[in-house]
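In this document, chain identifiers A, B, C, D and E correspond to the written order of the chains, with residue numbering beginning at 1 in each.
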Amino acid sequence: MQIDLSFYNWNLISDFVLKGLGFSLMLTVVATVGGVLLGTVLALMRLSGRKWLDVPATIYVNGMRSIPLVMVILWVFLLAPMLIGRPIGAELSAIVTFVAFEAAYFSEIMRAGIQAIPRGQIFAGQALGMTYGQNMRLVVLPQAFRNMLPVLLTQTIILFQDTSLVYAIGAYDMLKGFEVAGKNFGRPIEAYLAAAVCYFIICYALSWAVKRLHRKIAIIR
Amino acid sequence: MIELKNVSKWYGNYQVLTDCSARIGRGEVVVVCGPSGSGKSTLIKTINALEPIQSGEIWVDRVPLHDPHTNLPKLRAHVGMVFQHFELFPHLSVTENLTIAQIKVLGRAPDEAKQRGLKMLDRVGLMAHKDKFPGQLSGGQQQRVAIARALSMDPIVMLFDEPTSALDPEMVGEVLDVMVGLAQEGMTMMCVTHEMGFARKVASRVIFMDVGGKILEDCSKDDFFNHPEARQPRTKEFLNKILQH
Amino acid sequence: MAWDWQVFCEDTIERAPVQGCFGKGGDITYLDWMLSAWGWTMSVSLLALLLALLLGTLIGTLRTLPDRPYIVKLGNAWVELFRNIPLLVQIFLWYHVLPTLIPALQAVPGFVLVVLALGFFTSARIAEQVRSGIETLPRGQRYAAMAMGFTTFQSYRYVLLPAAFRIIIPPLTSETMNIFKNSSVAFAVSVAELTMFAMQAQEETARGIEVYLAVTALYVLSAFAINRIMAFIEKRVRIPGLQASGAGGH
Amino acid sequence: QTGDTLAKIKSSGSATLGVRESSGLGYTLGNGKYVGFHTEMGERVLADIQKQLGLSKMEVKYQPVTSQNRIPLVSNGTVDLECGSTTNNAARQKDVSFAVTTYVEEVRIAVKANSGIQAIKDLNGKNVAVTTGTTSVQHLRKHERAGGIDFKEVMGKDHADSFLLLETGRADAFVMDGSILAANISKAKNPADFKIVGEVISVEPIACMLRKDDPAFKKAVDDSIKRQIADGSLAKLYDKWFMQPVPPTNTKIGLPLSEATKAAWANPNDKPLEDYAKK
Amino acid sequence: MIELKNVSKWYGNYQVLTDCSARIGRGEVVVVCGPSGSGKSTLIKTINALEPIQSGEIWVDRVPLHDPHTNLPKLRAHVGMVFQHFELFPHLSVTENLTIAQIKVLGRAPDEAKQRGLKMLDRVGLMAHKDKFPGQLSGGQQQRVAIARALSMDPIVMLFDEPTSALDPEMVGEVLDVMVGLAQEGMTMMCVTHEMGFARKVASRVIFMDVGGKILEDCSKDDFFNHPEARQPRTKEFLNKILQH
């Protein structure tokens, strides 16, 4: 089978892929920021040592982590309208789902990061008279966040790849762009090859940037 | 200044402090020593309320720590503490380490905080390193910054937990020198250390603890070093071991 | 919306209710079908897991070899290649594109391809974990092993890998749970696993909620089982006197 | 959920049309443009409704749907009218309503031109591609049992995947709606390599889908479709999308209007699939 | 027994060993000291070929380490090495730690290995702990197990890298006692340490290194401690600092 090179042209990108890429990137950014924030809260709940905070957070995190993302996407999409009494669009639904889902993963990362901070650091903050909130905000979280940055960003790259699962509720991401073009032009193989190359370039560039960034902002030890 | 009355503490079923009582008056320098695991670190942490106690009473500067209504952060702000592993904040520069708690906890203006912090830094002889990060300093230098950090909060008492035991032998001296200086200026100090040279030089009293968190000895420096016949057997054995090499 | 759990007892041709819910004499009910789909999910996942563990350990180990820059580069390339392309795209490449380059692959059933694709994809992640597990060991451990006269292979076999694996059990657990979830891509290559069942059955019966609920429950059950098994392993191999997290450092 | 779609459209000044991104009856040209026989018909229905409501301006929002989400989307109110390629069957009628049938799909077999397969009986021992999440699988199963033939189902993730299975030889036949088969063949690199053969395995009424229990809206939709049938514009639309070159590739699908569709137009109705099977 | 000739080593551009030469004869006990970062650990590691050198020559028991054809694992099996952080294998019990290399490297039968290992364990006084795991032992006990582990390989020479500097002060003694015992029995030893008491007691020679990996002094114990006037200024300064407290 030969490859139909005429399939690769600017129209493919401009008409089909760009819109999807935009959505994928938007979803990735929003879900990362939202997920890290919510995940940090969950992590703090799990580390609080108070059962009434710890148990719900643990159930939430482990529950989310044992359901395939595509199922979560469907569930939010199907159930959210029943709960709030009116339909929510696929895009909004996808955003809510991704933030809620990724928070579970980010919370595990942040939890590991917080736990890796030597206890002495927490004592030191306390000994200087800091309250719990000040200690977290000024001492623990900045360090945990920096130490975990590579892992957080690796998760973000996975997240970027996972945005393709919004196909289940008809939202339009980058992979969908390639797929639709492939179908409507009858050139699926060409489309998937292009998708593989695009994803590889974007993800590889991201992980390269992560390494650079980390070297730059890593805590000097 | 500091008073402990029948303090006991358990980790689960394991008792780390047993009925500890002691008084430290203004301007006294008390050295705490004893074998590993005897609860020295725990004792000093309870004085700063970093570890809760299950029974007994502790007053610092006449404030009762065991009272749930005490504003602990406020009290701790004026109790300086120096840890074995320095515990500088690695993500902040030396100057930031010195000022952050002054600004956020004491509510000082940044300029004022900086001025005070740098004065203390100068005092420990590290002015040249004010813009470095902790990771760029040697252990001895880090520990001196940690002392400056505690001092810049205007502490009424300083607690030290084995401040030299994580240091290279060559750097022990520079930290001890700073501590001797503090003691001679009349700072109230409580210091967990095995540096008997330091104890001999500046201690007013020596407390010896044994495993199980019992205070076996609480006597003057002179009694401790010069009257072994009046000491408990366990104390003598310990002193022998650490003075032997 | 009313529940209608009866659908699971209907046969898949006429949608007639079947007594006892399990089909007889060649007929199958949706329940039969779902259980067999679960079986496929399990088979794909477990085989892929096995492959991923073997390959991931090998490649992760190779990436930590001292003084072997080319092998390390090769290992890095493997990891970058397999983790930077979405699994769904990889599976498509295995199924449709590679066979046009290597005709022998044409005859390979989808099941094998999905095990390969999922196994390779996961091996990249496991390799990353194995590498970081080995690298968090104190450097002195490697020296100690060498100083005892162990060859490089023996050092890894008896000292570094056993210690590293204990450290990385938690992330490995996550990855194992991920394999089960990721196995849903197998539906793209005609393996009749749970996700395919869900999509097909909800289409045929129009009882989407019930079908998705049942399938989600099975996924959760599988993940939970894996979680428990790994927790058991973690407990079994726990080193007395050492917390797992403290194994790393002095 | 609002029970009254017409009122909702009137008050919001917009209507949401559910469309397909890649099927025989509706697809996208990218950039938010949706076209195809059924898509365009849906637009005309909405235009009629706009007239009926006396709205000077009405915005038509397009919501792409998939097999998995179209029913929830319609029943939860995201989509007002779905004109894709949805089969009207009894099971779905529990959750949604259907407008009158606009097209009768005939399920056929696509094969390689040189394969020698002519009918269902030739499929014995062969690999047959079908698409996950479609009703053709069920029909095939019934025939398998009735005719005593034995073949292997190979499930494609979507129609393009299933066709690729046929193209690359992993499957010997692709059983699917005639319009989809024809569209895929027309876009293949060598359309002459494939042909559609054999008896009609089943017929399926395709209709626009709307929310259940909204008779006023259903009547408005039905009236519009009946008008399009009566004044011949639907036939012209069919000719435009199936007999003339169509974008994006400008190839002809070449699928003449079937007798079954003609019959449905002659006598507009919303009977489900099951009623067709009884005949 | 050990001979170094003009050994130099770089990490990237940074030179950690500069032109080091030394000889250690059978039965000699050589103590290496010097400030942190002076390359003491590196030097001792190169003698076991754990770190490659870029120039110079090293012989151990007449085997040239710098020769690429040398079977390094075989040689290392008979060079005992004890590290600052013990480096017992945490996932193996004490007995397994003692036997695994005997079995896998020397090819001894498990029974024989166990017998030999336990004999050494007994010698360091830890027979009672043979079934524990390293994490269940105190630092001093772990370090003694590490010595027993090295001894059970029948080493022709023992290398120590700051074996007591990670220990609690009370436990330093128990490890030093074992080492003194070994020295007195005639074991060839090379030992990085700042325990000057140990050096005074058993060293035949003292090597002093300075930053940059230069050997500044290589003289007899007597010259080192009792003739400061003949020493380099840097050596004197260092000795002053570490003997001060």
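In the analysis below, contacts are C-beta pairs under 8 Å (C-beta built on N, C-alpha and C of every residue); 3 or more make two chains touch, one makes a residue touch a chain.
For each chain, UniProt lists the protein as follows: A, C = Amino acid ABC transporter permease; B, E = Amino acid ABC transporter ATP-binding protein.
Since this is a predicted model, take the numbers as computed values, not measurements.
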Shared chain contacts [chain B and chain E, defined touch]: none
Graph distance between chain D and chain E, where chains that touch are linked: 2
For chain A and chain B, chains touching each: none
Relative to chain C, chain with the most remote C-alpha centre: B
Inter-centroid spacing, chain D versus chain C (mean Cα positions, whole Å): 37
CA centroid of chain A to CA centroid of chain C, Å: 20
Chain B-chain C separation of Cα centroids, rounded to whole Å: 52
Whole-Å gap separating chain A and chain E, where each centre is the average of the chain's CA atoms: 50
Shared interface positions of chain C, touching two or more other chains: 96, 100, 208
Touching two or more other chains - residue numbers and ranges from chain D: 68, 72, 161, 164, 168
Numbers and ranges of chain B residues touching at least 2 other chains: none
Touching pairs - complete list by chain label: A-B, A-C, A-D, B-E, C-D, C-E
Chain B residues within the chain E interface of the complex: 35-36, 138, 165, 168-173, 176, 194-195, 197-198, 238, 241-242, 244-245
Residues of chain E touching chain C in the complex: 45, 48, 50, 52, 73-81, 83-85, 87-91, 100-101, 104-106, 132-137, 149, 153, 166
Touch list for chain C against partner chain E, complex: 67, 138, 140-141, 143-151, 154, 158-159, 162-163, 166, 237, 239-242, 247, 250
Parts of chain C lying in touch with chain D, wherever the complex brings them together: 12-13, 15, 96, 99-100, 106, 110, 187-188, 190, 192, 196, 199-200, 202-206, 208
Residues of chain A defined as touching chain C within the complex: 1, 62-63, 65-71, 74-75, 78, 82, 108, 115-116, 157, 161-162, 164, 175, 188-189, 192-193, 195-196, 199-200, 203-204, 207
